[in-house]
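Which chain is which? They are A, B, C and D, in the order written, and residues in each are numbered from 1.
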């Protein structure tokens, strides 16, 4: 059975390590915050100028001066800090953020990613996505394995305008966990109950399958 | 020199057709509401506006767009702004989309007298265009240019008569860099105090960058997405 | 992750022969006294030290120089340091003199992931050397490279257990940029408090840049030139 | 009669304007602070990270964390701010400091300046001098017209290693005020009692003398 959004987030949370600074993109990535293992110290970075995002505020504590990169009201934790956008992207570009999780429209077998523009349809701008994918030390893409029409989003070559080239290291979809080796997708784990055949069918790009592929443990 | 002016109308004197403006804020957070309203009340047009976003329909920069006072936007994200999208697709509005970190760094570089620098963002994408690219440390980079503006208009939490500014929480965002990148910088603040009252160790924008300052009124501080827990 | 260590000896673990260090401070103001003393007590040698100055004879970095632990200095000003001058002229010590603003910006760039940028400083002088030069806005500029270090060692006034730092007065100087440019950054502070006690709007160095932190002891804070009035 | 150091400083103070941000170098330039006209608001910039230098402290207020670029203890005025060295030189490079006053060993008729190194003798480093001369909007050099041996310091071409090229706009010496036109020194004012002939004799570079040269009014 393929994972729902929370399942994908839960699996990505297993990639976290104690002390990590993490930037979570809009959508599924945001949900990862709900599954940080108890006792693990993970600090969330918001590229609009906050290190140490807390949970959403109670109604009476909503503060217009305190939002995340998705423009949602948030809170901040003890040990948080605020700073300007140049410093914020310095953290990303300088490799200080340990992990970036973001969504995508397409990923290619060489690690290229398309996530910001559908010509003629969606041209809202790249925001901080190009900076994140070009500079982050470690990038995990969280997305559905196929689009609504069943077309694979793991391609030989991206068809949409690129956000960045050769940057994606790992992909977690509703069907699988895959590593981007540089010229192929290497299947690491299957979603519970999903077969290798199903993943093969849903993957257009080169897929490497070595040995027994374990089920995710979530 | 008196930096203190009475209000937004006085502060924006000298902004003329065709000028380049920088406008602080991220979404609707930390935008110079008073000056934006004052600009909408003028007939100034043909503006190039450098701002991370363009407000939303009829809020913030959205008002200037609706009145067709803007010729060109330089932004990273349009956001939820239908009028912006309409003008962009119709060709009325010229739009240069710039990666957010590159935009922030270009503004910072402009204020700091750095004409050009290299970043990895945008390499291999349409942002690269015909920009110079070069490899450093085994990685490809794009050369980007510093940005300045005829006027930078920023919003701060506290300010003093010497022009020093302190921002609150995530309302800092692009304001701090823009303050340094304006040929003339206008700061509107929620609270204006005499020089000497702010902790000199806690100043975000030193007064040297600010030419005009005033205490704003009637801040609406609209929120795009109110999200709460419990 | 525990960033807090007990003392300078614990903080400097891992600094090895031949490594590149950044050391904060301007003259003797804002130097990491505890870590410098701890380094002098080790046998580490062949260091490349990036620091605006090199202390004075037997104070600050001067102690490391005297013990011949330094192979190369990258500084803007030697200051009143006879041993430094002697080692430089004798060829024992390799010295790269860098304009102060360029040094500051190279460190800032290193921490911010910018591999190269252009500045006017040094054009037409021996600092230009065989660096690339280019005209921007009718003025000649020199291309300079970002700098990083194996360890950056900084001194702050207050710090918290999350690694956030606040500097006092002009003791900030190079510390803030260096904190971001160290692969590993060690911060020694006069007062270490639990996370949550420092005003998040008043942090100079966000904790993300600091890997190890401790409360220092016995600060001497020597002054090079005591000048008074009345 | 040629000016003493305080006379030179006093004459330079006449170049100040209300609202100016000024960086004063070590030596004679520092003395300019003593002659800021009453009621004029001039803010002094110290490149080690202070805007708004105050007078030297009283003995009991000496603070090791509060020094100027010459490493002397200072105070700060109301409205002062502290910042790091990158921001401080951003102020200079970005043209935010209105006037820089500094000393020199030599100035050439094209505006080149030598001020930091005497090979084999004095090699202490350039500190912030190269940044200041390359980027400041307006640079005034304060120096003696000749060296101890009577050799002119206003030359056709500098003999010592350069600090910057084509950057000096104005020179105030013990004998004269001169403008650097780009290919010559243009004599603007004479020190009280000093003759044009004396200045001619003390100037090796091309000297432009147009009409009557007034005496300084100090």
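The criterion applied here is as follows: contacts are C-beta pairs under 8 Å (C-beta built on N, C-alpha and C of every residue); 3 or more make two chains touch, one makes a residue touch a chain.
These numbers were taken from a predicted model, which means no experiment stands behind them.
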item: Other chains in touch with both subunit A and subunit B; value: C
item: Steps needed, at fewest, to go from subunit A to subunit D via touching chains; value: 2
item: Farthest chain relative to subunit C (centres taken as mean CA coordinates); value: A
item: Rounded Å distance, subunit B centre to subunit D centre (Cα mean); value: 36
item: Whole-Å separation of chain centres (CA-atom averages), subunit C against subunit D; value: 29
item: Between subunit B and subunit C, centroid-to-centroid distance (C-alpha), Å; value: 33
item: Two or more partner chains touched - positions in subunit A; value: 76, 82-83, 86, 89-90, 92-93, 135
item: In subunit B, residues with contacts to at least two other chains; value: 105, 112-114, 119-120, 167-169, 200-201
item: Pairs of chains found to touch, sorted by chain label; value: A-B, A-C, B-C, B-D, C-D
item: Subunit D residues touching subunit B - in the complex, by the definition given at the top; value: 18-19, 21, 41, 43, 45, 51-52, 76-83, 86-87, 89-97, 135
item: Touching residues on subunit C, where the partner in the complex is subunit D; value: 26-30, 52, 75-79, 85, 88, 97, 99-105, 107-108, 119-127, 157, 167-177, 204, 221-230
item: In the complex, subunit D residues that touch subunit C; value: 46-50, 55-59, 62-68, 70-74, 76, 82-86, 88-90, 92-93, 112, 123-132, 134-135, 161-166
item: Partner subunit D, residues of subunit B touching it in the complex; value: 1, 110-114, 160-162, 164, 180-181, 194-196, 200-201, 203, 206-209
item: Residues of subunit C that touch subunit B when the two form their complex; value: 105, 109, 112-120, 134, 136-137, 141, 166-169, 199-202
